[in-house]
Every structure is written in structure tokens, then in C-alpha cells.
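You will see chain A twice below: alongside chain B first, and alongside chain C after that.
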Partner chain A sequence: MKILRPSNLSRSVGGDLLNLFFLVLCGFLMALPLLYTIFQALKPLDEIFIFPPRFYVRNPTLDNFVQLLVMMGESWVPFSRYFFNTIFVTVAGTFGHVIIASMAAFVLSKHKFPGRNLFFSVVILALMFSYHVTQIPNYLIMARINWVDTYLALIVPYFSYPLGLFLMKQFMEQIPDSLLESARIDGAGEFRIFWQIVMPSVKPAWLTLIIFIFQQLWTMQGGVYIYSEQLKTLSYAFSQILIGGAITIARAGVSGAVGLLMMIPPIVLFIITQSNIMETMATSGIKE
Partner chain B sequence: MRPMKFNFQDFLLKVKKGLGDLKLKLNFGGKETTTHIAMEKRRAIAGYVFISPFLLGLIFFFLYPFLQSVIFSFNSIQIGTQGYEMTGVGFGNYHRAFMVHPTFRRVLVESIIQMITDVPLIIIFSFFAANLINQKFRGRAVARAIFFLPVILTSGIILAVENNDLLLGIMSGAIQPDTAAGAVRALELRTLLLETRLHPRFVGYIIDAVDRLYEIVKASGVQILIFLAGLQTISPSLYEASTMEGATGWENFWKITFPMISPLILVNTVYTVIYSFTNPNNPVMEIIKNTAFAESRFGFSSAIAWVYFLVILGILGILIGVISRWVFYHD
Partner chain C sequence: MPSQPMQTSLSMPYKRKLAERGRLGRLLAEIKKNKVSYLFLAPYAIIFLFFTVLPVLISIGFSFTYYNILEPPQWIGWRNYINLFLADEVFLISIKNTFLLAAITGSLGYFASFFFAWLINELPRRIRPLFVLVFYAPALAGYAVAQIWGILFSGDAYGWMNGFLMKIGFIREPIYWLTDPNYMLPVLLVVVLWMSLSHGFLAFVAGLQTVDRSLYEAGYTDGIRNRWQELWYITLPSMRPQLMFGAVMSITSSFAIHDALVPLVGFPSTDYAAHTVVSHLVDYGTFRFEMGYASAIATVLFLVMVGTNKIVQRLLRKVGQ
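Moving on, here comes the complex of A and B:
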């Protein structure tokens, strides 16, 4: 049976096998923590604290999930509220970021205007600075514009997250200028060029960015800016369940269950987007 | 400090009006423009319009706090009931960071050395992994999902779960060089490698890499994604043409894949350096956080952060200077 279909004819069977070997090896290393989380979520309490620790589970049980459900039922506000908050913040933040950062990246890589280099240097600086130090001034700003305790305080800072701009700019620089010129000659406006030519041809880049920002926002706790219980995020609610002083140890199993549940959405998103980005360049009209 | 007089609502209105004016002048959607501005100027205006949302966010949530922290770093800050009070201490905070703080200098040097050893390993590993999962084979989506796991595992709540976990602590402990098991394994490898008469320093580097394999794998998730996206933006026609001319896979890799991906090697290097310096587990970041929030010495903490920031800036400047020399832009 041929496991690997060679992408070009010059590769030998030995090369295929070598590929397969490395794939399995690296894949195994990376899958270990996931396997471990799954096992941990299924372990009964006595197996979690067994010494020496065991990797796999001997008597799998769903107790941890049942316990988690009970705890979720006892929360102050209905648990669905936390779900809604997290989903809203994540979706709004991700879309806003991808669009705003891409727009800025587009003009930074393909337009010339005064102040362009200065602006890009500031973005790079922003990437490097330790956020602990800007935390307090940031809070003061949020307080001054009355954004404390609103969704805005969580979402809007992500719109201008420098990493996205940096990433998108590097990809957009690879688009040939001639493509944009021909669109301009055909009468397309700047926004149209951006939306219908540049964005489709860097689809792998922004799909990657979506995955990246999504998983950051998804696990964001936002405890500093949010006081009302109705506005808190899922990640925060879960961490309240888990870190409760002396009961932390008793809830080690539940924490495994939480870890597993929180992992599922980013993985699903990843699989969906990855299967969408194949062969984008083949159809985008870039042929030099 | 007196609070800055600033009406946000007013400001937003002004910005909105300004943007509206600009929109009138611009050519959205390819229709005839009403005003005739020179091409160059029009494109410059388009540049500003496209960039303004990002710029606003950057000014409010980065640039202003950034400058504020410069002021903080030259002051001693007392927090009272009426907000905070600053008393100027000149370079006192900086002086204290270098001369008085018991561990700052040592920790700073250590984390730089750590970064220098980690970055090449992470870049090479992630490039290798991205090439592997970019191949065509059955179950490719699953393989990619598995390679993406480290990104998910290093974030937020999952990290917290991992941290108070017994077995994982022991597992990563076993991989650390200072424990007995790790030392023994590395010892065998060391004798083997020394037999090959490589330079001892190089051998030490490889052994270090093997010892910290788990950490390197964990830190390379995002880089793999970026490389993977880069590999997919390379036009297949390039490969078709060169294969037609008789190039082998090996030649294709070095003459097409490698130059085309080189801008992203720069991106990934920058990202890896920044990530290794600013992730919350970095010892210097811990000093900064503890000084600010556990000891409430915010001015001192800002000073340390600024020293740290300038060090990162210097290192990145050197790296970018060196790497951009051979980055290839396809145009």
C-alpha cells in the first residue's frame, strides 16, 4: 500500500518512508500532551494522585464531567451567559483585528506615503514592550473613556494588536505590484483592490491569523477590566471553579475536564480553516 | 500629575467627520471621482484612511501607556486614596536596577543566552515540521491539527492546568539537564558525538537541544503555522516549471522554497525572539511583574522594563540587520 503519494515524481520510496518516520515522530511528541489531557480528564480522583504517576488511565470514568456540570449549575449567573460573552468577544475581536490589521498592512506594504516607515517602526516597538508595564496606564485610559466593565475594553485593544499587522505585511509584500497596477488601470478603487485582489491572494495568511487571534481571545480572562459577573468570560468562570483555595486539589480531575473542553473549539476551527486554504495561489491569478 | 483634559466623545466626532470628508474625495468602488486630485496624493490619502483605525488603537492602547511608563521610570510612585503621586528621582531607579537589585543583572544575561540557544533550534525545527506537513499525503488535515496542538497548549487556562500538575512536572523535570535521568541519557549521546571529533562547544549545543526537546516543540507551534502559510503562497507553477527543466526535489527546495520563504524566516526570528523575551514565564518578566504588583514599586518596575526593552531592541536590531541581507523578495 502506498501511504504517501509523492508530490513530484523524482522522490524515491526511501524518501517517502523517511518523511513518514519524521511525521510520526514529531506528531507523537506533539500529541502526547493532548493524550495526557484526555487521560487526565477521565481519571478518577485516586488515580490522579497515585505515586508514581501513571500516564494512561486504568478505570476511565465520566465523574469529572458530571462534577463540572454540577458546578456550572451552581454559578451566580446562568452558565450560558459566560458562553455567550466568550463567543461574542472572540468573534468580534477576531474579525475586527483581521480586517483592521490587514487594511493597515495593505497600505504599509503597497503604498508610499509620508510617515510610513515611522509607523511601521512603532508597530515593531509595540511588539517588543512588556505588557506588565503598560497595564496600569492602560487601565487609566480605559477608566477615563468609561470603558471599564464593558465588552469594548476586551475587544478594542485587540483591533490594533501589532503581531497581525506584522504578519500580514510580510505576506502582502510578496504580491507583485504589476497585479495591483493592472487592477488600477482597469479602474478598481483602492478598497476594491484590497478586498477583491489582495485579500483573496493572501488567504492562507489571514486564515492563520484568525486561528492565532481566536485562540488568544478564547482563553482570555479579562479579569482586570470586567467587574460585573454577567460580562465575565468562560475562561474566567472556569478558573473560578478550579482555583478555590483548599478545594483546588479535590478539583484536579475537573480541571482536566475543563482543559479538554476548552481545547476543542480552537482545534475544530483549525481543522476547518486548514482544509480551506489548500492551493489558494493556484487559482488567484498570480503567475509571473 | 494633573489629569489630562480630554473629551473622548468630541474627539470621536471630529475623527468621524474627518473620515467622512476623506471618503468624499476617495474613489471607493471604482466610480468616477468628483474631485480631481493628483494620483500620488490620492494614494497617499488612501494610505492614511486605511491605516487610521489601526493607528488610533495603537496610539491609545500602546503609544500613550508606553510614554507614560517612561515618565514612571524616572519617578517614585506612591499610591494614595486620591490616585497616585509621583516624586522625581532622576536616574535613581536605573541605578538601583544595575547596582542594588540582587539578581537583575545575572537573570538578564541568562535569559539572553537562553534566547540565543533557543531561537535557531526553534526556527530549524518549525521550518522542518512545516515542510513535512505541507507534503501531500492521506490524513494531512489530522497531521496538521496535531502539529497545531502546542499553540493551544501554551495558552491561558490550559497552561494553568499544566502548571499545577504532578505528572507533567515530573515529565518535564526528566527532560531537564539537571536531573539524573536527563544527565545519563545526555552522557551517552555526548560520548558518541565527541567520538566524531566535532568541536566540544557544538556537541554541548546539540546535547542541550536534545535535553530541552519538549520545550522547543512546545514553543514552535505558531512558527510552524506561519511557515506553512508561507509555503502555500508559493505558486505551484514555479515548481512545475523547474521540474520540467529537470530539477530534483533537493534543488527545488534550495532554489525555490528556501528563497521564497526567506522573508518569513525573518518574521519568525523576530517573533521567536520577542516571544522568548516577553512570555510571562521569562525570569526577567517575573522580576518586572513582582516589583510592580507584589512590591508595589511601579516606578522601579518601569525602569527595569525599559532597560529590558532597550536590550531586546538592540538584539533585534542586530538580528534584523543580519538576516535582511539575504532575504529575497519575489517581485
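Moving on, here comes the complex of A and C:
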């Protein structure tokens, strides 16, 4: 039997080259904000305020980062504390969300039980209600159960973020029922089926979900829920350094450095997860 | 024998009771049988009902009140809704802007998300992650996005767009791209469109990896000639779940455009020319302390999105047929 790689099927070299050319062209336009963030972090103060504004940097310097380090050293709560807080909130929130939303998505897509369609419709509807007006009721609820000024108020609502359940359910629907049925005949319990068959089959989905949730939690400031200085997040601490009247101008360079530093972890995670998505599914796809 | 008529007179309500108990009993039995399913769902369901559904219900309740956040809400019935449609001109402007932005950026952004995900998927595997990163960059970069567009469309002669147009002699004086109501919306359309490769895009990238490869080989023997036929007859139908996801995310984000506009055109924009429904909602909820009115706006927007979603889902069922 002749084995054909999918990329060899019905493809012309000319079409492939045209595609690459087109994507590189558009790519430059899309990459602008990344490049700008890097340039902005490396600009000396006189280049930041040059008029007319210049996109690239002529004399790159690390001064902004040095200045940022000095400021971080002067902070009242040690900066490592903010860093730890953000890591904790991000990791706990992401991990909890992926597990809890995936478990729910599994039964919603693969089990038949009363109320399943209704529940799923409510999750989709919840995506469409503006969060601007639910903030007040949310705060009232948190205050009632004494979760204000704890991480529970930041993390737990994220466990039920509707987007994650929706994404996982859509991918799990594609898994053939026969695959799960044969595992059941072999005597596998539902949790084992979920953990050892369903989750590996939808690896691209939860790797993507990790990016979405990480990105949100990483930049979360804690807003109205956290007021103890020791519990504040990195993003909040940075905003405290940067915001405030004349300081905004004096610290424009530092602000560029912060912008770049805060973007590095999501980008690193993005590259790792995307490479994994491409690797694991290179040969198979979901099939029986 | 004499008991017989009594039995028949009793039997009707008794039967109904039995039937009711039967229905309830059957449901209980059904729930018991699916105990495992409910256990899997429970952690999500409890948190979801408590921290998402409950706040939404409370908000909808607020929409029938006058609530200034400082004093307890007062019940005023439908008055917020009546004022919204009969006495609020700015709301009508915001509805018009929102529909325009949503119709154009929502649909084009949706197609672009799939199109680019698909084109990137055609590339050699090694370089794909880099391209995905670059195309997702506007969604990752946050504040830098607004600054770049601010420089590009700056209202003075030093803005890149003005500089370019004046250099080639197309215009003689700089255009106030972000403050002139005539130009604001077109510029914003471009910016929002440029930022629309987000959740849907990544879901498509991941979804393209899960398409069963043997389908392509089967399609090849069935006479699929080029990549376009392959796309329409194999790839798109196998990706229906992801297409549904992308559509819902496009609707929710394109009807809720606001945050991206503020750093560019200010808040509120000149003559409310770029005022969206969410801008209106934020205006009343955060600045005017009229939470009841803001909640009514949110409820109307919610109903609009639900209706749009119904229509789009119906259209999506036709894909690949």
C-alpha cells in the first residue's frame, strides 16, 4: 500500500510558495505590537519622547531594566512576594479550571442524562451577559461568604469560566463513542476513561485552554477583592509603580521594561504549548 | 360489590397521583442511574451557579430598579426599558454603532480567523508555532496595540497615515482620524478587525490538528483534486464543533466592543460617533452610578446576542453540504 502524507495530497508547489509569501507579508503587520513592545523597553528616555514618534530604537539601552530593579528593591513588601502571589493564583486557577471544566465537558458531551442540554445552553448564555454589570452582584456574594481579601475570590470563579467548558465540550464531541464503549467493556471506570482516553485525545484543546486562562490570570490585578498589600499580584504592584500624575512621564522607560517583562511568560508558554499541539497530533488526529 | 362505585370515584385522582409519583419516581431513578455523570458535573455546576448564574440573575433583577449603588435599589418596573427606547437618543446611536461594528468585524473576523488558521496549517510543521504566535500577537500584546494605532492614525502631520497621504499628494491637510466623527468608525473597523484573531483563531488552529487524517486519504481516492475541495468537503465538516465555538466567541466579542476603543477615540468619543452599547453601559454603571439602568442595557444586549447566535447557528448547519 502506498503511504501518502497528507501534505502531499493535492498540493501544488506554486500554491505553497504563494501561501508562505502571503503569510509572511501579513505576519509583519501582525507582529508590530510585539516589536514595538521590545523597542519601547530598550529606548533611552530621550528616544521615548522624541517628536515625531519613532517606531524603532536607535541607541538601545538596558537602563530601563536597571531602574526597574532599583524600584523593586525599594518596595515596602519584598517584590518576590508579589511574584509568588501571581504564580500561585495563575497556576492554581489554570490547573483547577482545566480539570473542573474538562470533567463537566466530558459528561456533557459523552453521557446522556436529564438536564444535560439545559445546563449546556445556560453555560453558552452566560458567555453573552456583560461582565460590567455582574461585578457588583459578584462583590456582594463574595462579601456575604467572607471571601473578600482572600485568593478564593480570585481563583474559584475562574474554575467555572464558561469559555473553557465550551471549548472542551466541542473537542470531546469529536471522539467516537465506540472508543469509550470498548474501554467500558474492558472494565475501565468512568474516571479512568476520562483521564486516560478522553483527555489525551483532546490534548490540543486543553493546551489551548491553558493559554487562554494563563493569559487572563497572569495580568489579573485583583481589583476590588484584594486590599492587603501582601496579597497583591505582580500586575497590581507594577501598576502602583507606574501610575500617578507626573510619575507617569518620569517612569515611561520603566513602563516599557515592565511591558516587555510581563509579556515574556505568556509568550514562552505560548510557544511551548503550540509546539506540543503540532507535535502530538502530527500523525494521528482523532480517529477510531 | 358496593365498594365498586367508590373505587371508581377514587380512582381518577388516585391514578393521577400514581402517574405523578411515577414521573417523579422515574426522574429520581434516572438521576440515580446517572449518578456518576452528576458527580463529574457537580464541581463545575456548583461554582458556575453560584458565581456566574446568580450574579446574572441579580443583575436582571436590578434592571427593574433604580439603583445608585449607595442606597438600596427601588423597584420601578419597566421604566428603565421604556426610557432606554423612548427617551435615550444616545442609546439609539450606540445600538446603530454596535450593529455596524458587530456585523462587519464579527463576520469578517470570523472568516479571517479560520482562513489564517487554515493557511498556517498548510505550512511545514516546524515553522507553524512561530506563525501562530505572530498572528496571535495583537491579542497578547495588550496596551502596545493602542499605542501603535495611535501613532499610525495620529491627527497631526506626523502621524504615519497623514504623513504618507500628504507625501503622495492625496491630501493637503492632516485628517483628524480619531476625533473627526466622519473618520472614526472606519478607522476603528480596521483596528478591531486587526485584533480579531483571538479565541476562535486558536481553537481553529487546535481543531485543524484533530481532523482524522485517514479522511483525507479517502477523499483523495474519491477524487478530491485541490486544497479548496479538500477544505469544503472534508476539513470544514469535520470541524463543525470548533466552527460553532468560533462563531459564539465572535458574537460575544464583537457585540461587546468597548475596551479597545477607549485609548484611541477617548471616552466618550466626539459626538458619540464611536459610542457602543457597552460604552453606554459603562457610562451609566461606572460614571453615573445608575446601576439599574446599566443592567437594563446589559439585558437588552444579552437578548440581541442570543437572537444573533440562534441565526448564526442555523447558518452553520449548512456548512459542507
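As a convention for this text, the second predicted complex is superposed on the first by the 270 of 288 C-alpha atoms of A that agree within 3 Å, B and C clash if a C-alpha of one lies under 4 Å from a C-alpha of the other, contacts with A are read in each partner's own complex, and residues count from 1 in each chain.
The criterion applied here is as follows: a contact is a pair of C-beta atoms (placed from the backbone, for glycine too) under 8 Å apart; a residue touches a chain by one contact, two chains touch by 3 or more.
Here the structure is a predicted model, which is why all the values come from computation and not from measurement.
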Fit or clash - chain C, chain B, common chain A: clash
Touching partner for A:Met128 - first (chain B), second (chain C), both, neither: both
First, second, both or neither for A:Gly14, with chain B first and chain C second: neither
Which of chain B and chain C A:Ser239 touches, first, second, both or neither: first
Touching partner for A:Phe166 - first (chain B), second (chain C), both, neither: both
First (chain B), second (chain C), both or neither touched by A:Arg144: first
Touching partner for A:Val156 - first (chain B), second (chain C), both, neither: both
Touched partner set for A:Gly73, first chain B, second chain C, both or neither: neither
Chain C versus chain B, contacts on chain A by residue: B
When the two complexes are fitted on chain A, the stretch of chain B hitting chain C, from 5-13, 185-193 or 311-319: 311-319
Doubly contacted residues of chain A, that is, touched by chain B and again by chain C: 4, 6-7, 9-11, 15, 19-20, 22-23, 26-27, 29-31, 33-34, 36-37, 40, 53, 55, 100-101, 103-104, 106-108, 111-114, 116, 119, 122-130, 132-134, 136-138, 140-141, 156-157, 159-160, 162-163, 165-167, 170-171, 173-174, 190, 194, 201-202, 204-205, 207-208, 211-212, 215, 219, 259, 263, 266-267, 270-271, 274-275, 277-278, 280-282, 286-287
Sites on chain A touched by chain B in the complex: 3-11, 15, 19-20, 22-23, 26-27, 29-31, 33-34, 36-37, 40, 48-49, 53-55, 100-101, 103-104, 106-108, 111-114, 116, 119, 122-138, 140-141, 144-146, 156-157, 159-160, 162-163, 165-167, 170-171, 173-174, 176-177, 187-192, 194, 201-202, 204-205, 207-208, 211-212, 215-216, 218-221, 235, 238-239, 242-243, 248, 252, 255-256, 258-259, 262-263, 266-267, 270-271, 274-275, 277-282, 286-288
Partner chain A, residues of chain C touching it in the complex: 27, 30-31, 34, 36-38, 40-41, 43-45, 47-48, 50-56, 58-59, 62, 69, 116, 119-120, 122-125, 128-138, 140-145, 147-148, 151, 154, 158, 163, 194, 197, 199, 202-203, 205-207, 209-214, 216-217, 220, 224-227, 229-230, 238, 241-242, 244-245, 248-249, 251-252, 255-256, 278, 281-282, 285-286, 291, 294-295, 297-298, 301-302, 305-306, 309
Residues of chain A that touch chain C when the two form their complex: 4, 6-7, 9-12, 15-16, 19-20, 22-23, 26-27, 29-34, 36-37, 40, 51-53, 55, 100-101, 103-104, 106-108, 111-114, 116, 119, 122-130, 132-134, 136-138, 140-141, 156-157, 159-160, 162-163, 165-167, 169-171, 173-174, 190, 194, 201-202, 204-205, 207-208, 211-212, 215, 219, 259, 263, 266-267, 270-271, 274-275, 277-278, 280-287
For the chain B and chain A complex, residues of the former touching the latter: 3-4, 6, 8, 26-31, 43-44, 46-48, 50-51, 53-58, 60-66, 68-69, 72, 128-129, 132-133, 135-138, 141, 143-153, 155-158, 160-162, 164-168, 170, 213-214, 217, 222, 225-226, 228-230, 232-237, 239, 243, 248-249, 252, 260, 263-264, 266-267, 270-271, 274, 277-278, 285, 288-289, 292-293, 298, 301-302, 305, 308-309, 312-313, 316, 329-331
